[in-house]
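Consider the two complexes below, in which chain A is the common component and chain B and chain C are the respective partners.
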Partner chain A sequence: MDCCEVKDGIHMMPGNPDWMFFTGIGLTLLVSFLLYFKKNDRRITSRFDLTKIRFIEWLIKKRWVQFAFQLPLFLLFVIILYAGLFGNQLINIAPALTWTIWWGGLIFAILFLGKIWCFVCPWDFIASLVSRLRFWNVNKDPISLNLKWPKYARNITLAIGLFIILTWLELGYKVTSDPFATAIMGIAMTLLVVFPIFIFEKKSFCRYGCLVGRISGLYANVAPIEIRAKSHDVCLSCKSKDCYNGNDNGYACPTGLNLTGLNENTYCIMCTECFKSCPKDNVALNIRPFASDILDYRKPRLDEAVLAVILLSLTSFHGLSMTPVWEDLTSGGVSIISTLNTFFGLGSLFSFSVGMAGILLVPFLLYIFLCFLSHKIAHNEITTKEIFVRFSYSLIPIALFYHLAHNGMHVAMEGQMVLPLLSDPFGFGWNLFGTVGQTYPMLLGDTTVWILQVIFVVIGHIIGIKIAAKA
Partner chain B sequence: MSLGLRSEMKKNTLLILILLLLFASIVESHHIRGIPHYSYRDNYPETPVYEFIQNTSHYEVTFTYYKIPGNTAFDLAVYVRDTINDLPYTDPVEFLVFGKHEDPNNSHPFTAYRNQTNIYKVGWVYEDDGDYFVRVTFADSVKKHNILFDLKVGNRSNVWLYLLVSVASIIVFAAVVGVIRKKQKRRRK
Partner chain C sequence: MFGKGAKSFVAQLPLLFAMVLFSFISLWIMHLDMNMRSSLM
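The block that comes next holds the complex of A and B.
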């Protein structure tokens, strides 16, 4: 680790050099100005339907394909649970595989492949299996009370709450360093998905409660992939709405979508059931330009807007929590945590919780205040709430690309730590591949990581400003 | 979906944005921490290990242990921080390791002195898997501080209970839902 210095026993990493910071700011402003004042905003709207490739069409329509993708992920999930529950708690693959490889890599998967995680989700695999009692064939009478999701909860508040709790557990309770806690969280998530499937119709939890699905849902609007109707006219003339209701060939859309009104990726979980159920072969898997949905979002919602603001706050908080400003572990440093510790005297976890709540609230209130100012500047022509909702979508790419910059650093600088653990995943003293005790260099050097981070942040801001300009 | 703001207003907004940037400052360095599945004190970038943190009076004591691969030796490490002035503790620290059913008075303590990075480290070799305690003792001008940490060597016990409860709850819940559905169907008939 030649990039780091050790100070008072703490490994420190220098921040991005000044010139990178100012180049990033300069690029953001320059490119944004060019986009902002461009009169003819001609966007590429062309699509390429992957189902035109016969093999892909054949593959998507086979019911066993999702099972074939989910099974290996399920087995990996079982390995993580076994490692966390029964493995040596010191040398254990569970935290690194979960929090560095999966959580770190998930955001990259969303950027390029949209909601692909939902397609391979092991929690969904378990829930579907225990409810439908079929590996892949359609069971029209699954074990479920098929109740409607409560009307007051038909929003993504539950997912937002779970995401905040996860961040608190991750950074405050440091659950991500604990194999056992990681496994317990995996089990808890399984129960969170399984119980609702027995009670509510379709996959209501995926639509309203899943924190992974809802976050990736908003982010997936930037992805260059979508499932859409090939022809809206065909959909409008369709009386049976098999995509919504299901039939012998495919389940009803688990998140209650129908292709006629599907214009955004937010709630599509790419399960491909609509490909199987549509009697008119009117479903396309399109490759499209990046950020197609988010640049022209048709149905802005308050709950999604709140999630967008919280996403930005939490991703920023993630970065802040790594700095000495938040917690200075070196000698004599004053930080937010040490100040709160001194003020409350109730321990680090309490100070962390108070600090995190504050850090979450500040950008939120600031954003509301700026929306209110805009409302006044616009001579009350538009309400503060409407401004809040419409402009919030411009924060999504900023949060996504910041998330990429942050997670990319973890994957690139820590991903190699999995290699020694692969030989002894449970800490039983094995050396399956001869990698135990070996140290491996970082996948990317610090300068490369910095440059990539600046590029990500700049791209996010440029897309964000473009969306704001359109709003 | 244009909000109808005038272009002059847009220019002013950008001007304000640029002015705000003049007040930007750079965080020059930060801890390699982030997703903290490794100790960010003295073991990075080695295999991740877990840290245990406890407080006594105004001291924050962080304890971690590493198993030396291939034998039954352990490195036990402690970092003591004075939370009032954020300075590391510098006087000797005493370690005492004993099994759950052992009398600590019959065990021999190790005295450790801080190394260059303010970490106190001792080597310890164990004979049997099981649950142990590590008692860390240090003193300041006011009193002697004792902190007890768990040291698990080998597997946790009662882990099956978590799995059994989870699986059983799913089966029971599915059965209850199945019964309710049957009753509902009968009523409909």
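The block that comes next holds the complex of A and C.
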């Protein structure tokens, strides 16, 4: 098994070798020109409805099922909070479980299972419990003022802002290695979810404000799973719209969706309430080809387009901020941070903030400029804004698969660190499973990780090219 | 969106360039050495 190099106490993973880097570039260039201008692209559009399997249909209609999945996640969340707040700050499971296992693994879960995180979300569990005062049965009069989400905020700007703040805290304050700060962020997120549920109707924060939900929402359009109407004709003939309004068997869709017009995964939180409320049994849990929604996105929106570009910038920034180009931790050599420190002389956090703002803005402005260029060359009525909105969806798979490549590296190379911590999660000197003091090999060697990373980037590029070609 | 013809082909090149550039940046970042999180724990 390969291992990271250690320099001055810093574990360094060597980057991809030159030949792999150039092979990756060669492949992206090749597929770009082979696929972009290819005509008559045939697509598989078939679906398999998992509710045709009796057991799944039975399970999905039981109200206690979501509770049964959310409860273990809630207990794990409580353990993380306890560890972070009251545990030893050096030996502590909170950062590894949160940032390596959860944040690292979340993107893989989205790729295969779509919005599954929303189904098991412990923050939603707490918010639902304190508002509905029921473990799983329907309460038609939950504690809430039931106000409409403000009209000016009916977009995902709040989620974009929270994502930028999270990234700044995560990387600027190095929260990923701080158990106490990790717990505080968990509590802050809980408050962000719980307060709005007492004020606004349904689960408005999930729809407009949740950064995890909105990021996973865009990514989930690539996932091979969807909740959709079995028959649109049945939906169109339905007068009661129970999926939207709710009834004795199920809550109204928490994000205000109506199955009739549901064509994308973006705002579906897979709560499965529509399976319970639909009186015509017209809801399907489909397995489908990857990237089905995103290849044929019907309702492109400016706010989603902005998030797509920001996602690309910030996921790249996650990777860049770990490299000596950004900050040289070993020798104090020249890096972006050291250069900004010398220039401004206002400390590392200020330099970090300026550098992060630059990395957010430069790709954004560059992309706008390229859209403007495209508009000028085309010389027709299509505006720069229309090009920006329509083509930004082609950046989503590039961001998603880079995110997978980056997070996969964390899980593969750092995931094993959780094993010793499982025996002593709070650093109290326990050895519950006899794993304390043991060293475990990385899940994958660095060569395997490199190959997978290049494959991920090329796959993301291929899907992106196919989307752009259809736009 | 751009219609057909040579002009449409050229009009799409900046967007194609953007995608290649972003994928190139992804590959370049992964080409660099990385400080692993384990060193911070």
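Basically, the second predicted complex is superposed on the first by the 452 of 471 C-alpha atoms of A that agree within 3 Å, B and C clash if a C-alpha of one lies under 4 Å from a C-alpha of the other, contacts with A are read in each partner's own complex, and residues count from 1 in each chain.
The rule is simple: a contact is a pair of C-beta atoms (placed from the backbone, for glycine too) under 8 Å apart; a residue touches a chain by one contact, two chains touch by 3 or more.
This is a predicted model, so every value here is computed, not measured.
Chemist: Touch test for A:Leu366: chain B only (first), chain C only (second), both, or neither?
Modeler: Only chain C is touched by A:Leu366; chain B is not.
Chemist: Once chain A of both complexes is superposed, is A:Val457 in touch with chain B (first), chain C (second), both, or neither?
Modeler: Second partner only, chain C.
Chemist: Have a look at where A:Glu414 lands relative to chain B and chain C in the superposition and call it first, second, both or neither.
Modeler: both
Chemist: Is A:Lys62 touching the first partner chain B, the second partner chain C, both, or neither of them?
Modeler: neither
Chemist: Applying the document's definition of touching, compare chain B and chain C: which contacts more of chain A?
Modeler: It is B that touches the greater number of chain A residues.
Chemist: Under the stated touch criterion, which partner chain does A:His232 make contact with: chain B (first), chain C (second), both, or neither?
Modeler: A:His232 sits against neither chain B nor chain C.
Chemist: Just to be sure I read the superposition right, which of the two partners does A:Thr323 touch: chain B = first, chain C = second, or both, or neither?
Modeler: Touch status of A:Thr323: both partners.
Chemist: Can A:Thr190 be said to touch chain B (first), chain C (second), both, or neither?
Modeler: A:Thr190: touches chain B, not chain C.
Chemist: After the superposition on A, what does A:Ile382 contact: first (chain B), second (chain C), both or neither?
Modeler: A:Ile382 sits against chain B and chain C alike.
Chemist: With both complexes overlaid on chain A, does A:Glu170 touch chain B (first), chain C (second), both or neither?
Modeler: first
Chemist: What residues on chain A does chain C touch that chain B touches too?
Modeler: In the superposed arrangement, which is not itself an observed complex, chain A uses residues 4, 9-16, 18, 21, 25, 29, 36, 95-96, 99-100, 174, 176-177, 322-325, 327, 329, 374, 377-378, 382, 387, 390, 406, 409-410, 413-414, 417, 471 for both chain B and chain C.
Chemist: Under the definition above, what is the set of chain C residues touching chain A in their complex?
Modeler: Residue positions touching the partner: 1-3, 7-41.
Chemist: Can you list the chain A residues touching chain C in their complex?
Modeler: 4, 9-16, 18, 20-21, 24-25, 28-29, 32, 36-37, 95-96, 99-100, 174, 176-177, 312, 316, 319-320, 322-325, 327, 329, 363, 366-367, 370-371, 373-375, 377-380, 382, 386-387, 390-391, 394-395, 398, 402, 405-406, 409-410, 413-414, 417, 450, 453-454, 457-458, 460-461, 464-465, 468, 471
Chemist: Can you check the complex and tell me which residues of chain B touch chain A?
Modeler: 1-5, 9-10, 14, 18, 21, 24, 26-42, 44-51, 53, 55, 60, 65-67, 69-70, 79, 81, 83-88, 117-119, 152, 154-156, 159, 162-163, 166, 169-170, 173-174, 177-178, 180-181
Chemist: Quick one: in the complex, what on chain A touches chain B?
Modeler: Touch list, chain A to chain B: 1, 4, 6, 8-16, 18, 21, 25, 29, 33, 36, 85-86, 88-92, 95-96, 99-100, 103-104, 130-131, 143-145, 170-171, 174, 176-180, 184, 187, 190-191, 194-195, 198-199, 300, 318, 321-325, 327-335, 338, 341-342, 347-348, 374, 377-378, 381-382, 387, 390, 406, 409-410, 413-414, 417, 420-421, 427, 429, 436-437, 439, 442, 469-471.
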